[in-house]
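Take a look at the following structure, please.
Order as written gives the chain letters A, B, C and D; numbering starts at 1 within each chain.
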Amino acid sequence: MKSKSIKEKVMHIVFLAAAMVCIMAVVLICVFLLANGVPAMGKIGVFNFLLGKTWRPGQDIYGILPMILGSIYVTAGAIIIGVPIGIMTAVFMARYCPKKIYAPLKGAIDLLAGIPSVVYGFFGLVIIVPFVRDTFGGSGNSILTACVLLGFMILPTIIGVCESSLRAVPEEYYQNALALGATHERSIFKVVLPTAKSGVLTGVVLGIGRAIGETMAVIMIAGNQARMPKGLLKGVRTLTANIVMEMGYAADLHREALIATGVVLFVFILLINLCLAAIKKGVEQ
Amino acid sequence: MTNEFIKIKGSIRQRGFNLKKAAALSLICLMFFLSACKGGVSEFEETREITVISREDGSGTRGAFTELFGVYTNMEGHGKVDATTEEAIITNNTAVMLYCVSTNPYAIGYISLGSMSDVVKSANVDGVAASLENVKNGTYKASRPFYIVTTQSLSAPAKDFISFILSDGGQEVVESAGYVPALAGREYTPSVDSGKVVVGGSSSVTPVMEKLKEAYGAYNPGIDVEVQQSDSTTGVSSTLQGICDIGMSSRALTENEKHSGALAETIALDGIVIIVNSINPNDDFTSEQIKGIFLGETAYWDSLEK
Amino acid sequence: MKNPINQSTFKRRMREYQKRPASFVMFILVMLCACVTVLSFVFLVGYLLYKGIPNISWDLFALNYNSENVSLLPSLINTVTITFLALSVSGPTGIFAAIYLVEYAKKGNKLVKLMDLTSETLSGIPSIVYGLFGMLFFVVALDWGFSVLAGACTLAIMVLPLIMRTTQEALRSVPAEFREGAFGLGADKVRVIFKIVLPPAVPGILSGVILAVGRIVGETASLIYTAGTVAEIPESLFSSGRTLAVHMYALFNEGLYIEKAYATGVVLLVIVCAMNLLSNYVAKKLTR
Amino acid sequence: MIKFELKDLEVFYGDFQALKGIDMKIPANEITAFIGPSGCGKTTFLKCLNRMNDLVEGCRVYGQVTLDGEDIYNDYDVNLLRKRVGMVFQKPLPFKMSIYDNIAFGPRTHGIRSKSALDEIVEQSLTQATLWDEVKDRLNMDALSFSGGQQQRICIARALAVRPEVLLMDEPTSALDPISTGKIEEVVMELKKKYSIVIVTHNMQQAVRISDKTAFFLLGEVIEFGDTEKLFSVPKDKRTEEYITGRFG
């Protein structure tokens, strides 16, 4: 009896320790980023840094408002494109898909998640950029292109999470709705999907995370102009692109400013998560 | 209305696809997509806007380019300031540069001579073609040096490797890789026969460094050389921190870096090629024209001063 | 034999939809979105195969990398090593943390809220930021240098929240009756967790692991700053090595070996495919 | 008056024959109970009446089923059928929304949008399910926060809200305590006036208490079908007698 309780205790501690590792990781990341980024913000001036419209490292002008807006626009666009398609496809997989094509489809989507972003980037560069240029005009390296590509890139994440949460909804919900005379679609969209809401939201959050964080693909197709976004068909630079783009050559204050850009990105994601946590709370009540 | 629905829906049933028809449908869609993509522009319209493509601010290639073609303005308190048009597409990647230019008929950009590929057309500058020959004899004016960066405390194997790079044998490798040798007339004799050298830095210098490393293996097989591709700054700072023995840089050292004890040596010269799309009839620019384009003063192909 | 009377014919279904246009629209939308997903997949993979397959040759699998023959074998070995290392750190940690949150922590616990927030934050951090952090912490502060180990650790932190959250979801979807039933039989908590709760959650956990493997295999930005880019088989965990994705990026970067990069992409695709099949197989074995 | 008429009904799940050549007439405005051991085809039979069997993969139905003389399988709008023939399941399962939205889900499905009409339907249905007094102040509360018995009555109210003609009940009280069961039985007796009710039950006392007609199912066949009183007092078939006296298998 005694050995049992010791085992219980040990495992409890192991589980707790594992949970603590996650918190430790965040704390460490915070400490290292802040220690390296905040001094630069101080030197540049927080307002000049966050609200400055000009980014000219050569002249020591560091304003990242264009990049902040760029990230917001591109992510929003990707969400607008990716989330509906992702959720609908998840619904298809969970509720429409015949058994015969389910396995290959599932495999295909898992495969999409594993394709490196460099490949997506090149695909975008060779296919989507010329397509946008020929169809809508402009140079093709634009917000629109980035939105489309990112929309596709977040699909596997959203589909995967949404599908599993849809499958977790008991079949009886669907049958109950159907027995009331609702169509297949109404049962799914009015009963099953709302029941899986929390899982769907998780999928969307992960999708947003991926869209904001995407670097290598965006950098190839977005144009990367460090000026205020001018329109859907004009280029844009995101926060991530800004970091990767110039980190290589940056030195001194420039480098610190780039790490500070990372800090901004970090705070940004923190804010989004807080908002979504609040929404989720509202949803569950 | 109903009939139309039935026609469209003919291929799909709720509980199961009619696989053959679905496949046929998707094939048609695919062909449509393909034709939409492949059927791009084949004729060059002079009235279209010029798509300017440049490297990122702070890139060695960009620095050299703006310096060589005078793409800068003088600003009080700052001296010369890079004035590349804000509308220029920025990339940190040679392949992206190549692809953008090769797929966009109205694009203009620049790359390192060693990376030149036949998917794009190289343009003459002031009537001189960009070639190894012309860089060497000085008629092609757009060229820049490649550096290796070291500190005072250099290990013996690293010293040996550097002496190989700067020897005739090493410089021959540089030339065969498509770059211009920096100097000539030194002999190489191995000084140590075992050890390890870590080289890291600029991705522009990496290809030539890899060739050097391979050639070096034939002369002195006992020494293991490791080449890390990252970028100039990482290369320099890694060298200063002792992570690398030798740094590679495609830009000159900053004052801070010099202050921290970094030493630079030129190992090769690289030409910068102006590239345009292969259907672009404009392939001979004057320096002034290029300056105008990259400053954003010349926005359309037909407003190019002939 | 007669035809069964409950087979819904197509015509009948259409007539039913006619009275309910909203449902019909939703139906069309679902089909359309599924088609878009499938088409984009076919297009992307088809493009990669079309560009890559003609460039695949045995030379690509040579043991040594040099500039004449950009062999991908060393980076392949690195990819496997790094994936394995990262998963062996983040897998147990993530799963245990999820178990703690679902099975041990009381509802509304401060810690749970904090963990939710941290895992959401972690999953949102862009990989480049992980790269910066990994460089500042593992490479410089711990003085590991550019190394496979530093890369693997960075990636482990990166995929930790992914594994944790999918595991959490999977555990939550195990009906409470299972646990109550087992407790009723007098089983202790650890036993219940490992024998009763985990097995039905395995497919969910594995899908998380697959996603994690996907992210590790596809990661470029953070590895450049932590694992370095040496294209050779590392001698120890403390030497540098590039994964396939980094290899591809490096090949693309200078524009010299674009064909080889596509071929590498195909190999990468095959690997991801094989990993998925393998994990599905394992999942089947485990759930049976 | 006859509500449902079934002729030669056969149901297969793959190779397994679940129902074997059943002919039956189900009367209107009466309670018909189905009894029999588990797996004998009661629920399958029930699901044939509102075509829920269509959802089961590999399920094939043969024969003819008519509702008020109309063939419900031949070119009949299945959603309309399910509106006319409501169903209450074994496990109470309100949707994850407020009581009001739960009840209003059905009417909204069938195109009723006006707030006042919905209010009236909700009140009526809840009253019919004898739940109105208990929940009228808590209509906006999550339906899942109520007790099992209340949840089952919510489900009944939800089924009633679409104004069905027939109510199918698949062991509606098997998951409930005796008090809740009593309540549900009261509700069912009350509903009998307006609806035809078919109820599957394992509880023979319940069948005796509430039903007018009873059918005894065994291995996919109807052994005996007739007035409840007669069936339980003087069963014609030996197997029926064995089952109701508890001597069966």
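Just so it is clear, a residue touches a chain if its C-beta (ideal position, glycine included) is under 8 Å from a C-beta of that chain, and two chains touch if they have at least 3 such contacts.
Computed from a prediction, not measured in an experiment: that's the story for all the values here.
The greater number of contacting C-beta pairs, out of the two interfaces B-C and A-B, is seen for A-B.
With centres defined by CA atoms alone, the chain at the far end from chain B is D. Computed centre separation for the pair chain B/chain C is 32 angstrom, with centres defined by C-alpha atoms. Rounded to whole angstrom, the centroid-to-centroid distance between chain A and chain B, based on C-alpha atoms, equals 30 Å.
One simple way to say how far apart two chains are is to compare their mean CA positions; for chain B and chain D this gives 75 Å.
If you average the CA atoms of chain A and of chain C, the two centres end up 15 Å from each other.
Residues of chain D found to touch two or more other chains are 79.
With touch defined as above, residues shared between interfaces to two or more other chains in chain B number as follows: 14-15, 93, 95, 203, 230, 234. Annotation for chain A: residues 96, 122, 126-127, 183-184, 186, 244, 247 touch two or more other chains. Contacts between chains form some other arrangement here, matching none of path, ring, star or all-to-all. By the definition of touch given earlier, these chain pairs are in contact: A-B, A-C, A-D, B-C, C-D. The touching residues of chain C, counted against chain B in their complex, run 8, 10-11, 13-14, 17-18, 24, 27, 31, 35, 38-39, 42-43, 46, 66-68, 139-140, 145-146, 224-225, 228-232, 239-240, 250, 252-256, 258. The part of chain A that touches chain C in the complex is made up of residues 4, 7-8, 11-12, 14-19, 21-23, 25-26, 28-29, 32-33, 36, 84-85, 88-89, 91-93, 96-97, 105, 107-120, 122-123, 126-127, 152, 155-157, 159-161, 164-165, 168, 183-186, 188-189, 199, 202, 205-206, 208-209, 212-216, 239-240, 243-244, 247, 259, 262, 265-266, 269-270, 272-274, 276-277.
Across the complex, chain C meets chain D through its residues 2, 4-8, 12, 15-16, 19-20. Within the complex, the chain B residues that touch chain A are 14-17, 19, 36-37, 40-41, 49, 51, 56-60, 75, 78, 81-82, 86-93, 95-96, 99-100, 103-104, 106-107, 203, 230-234, 236-237, 251, 254, 256-257. The touching residues of chain A, when paired with chain B in their complex, are 56-59, 96, 98, 100-101, 121-122, 125-127, 129-131, 133-135, 139-141, 184, 219-220, 223-227, 234-235, 237, 244-252, 254-255.
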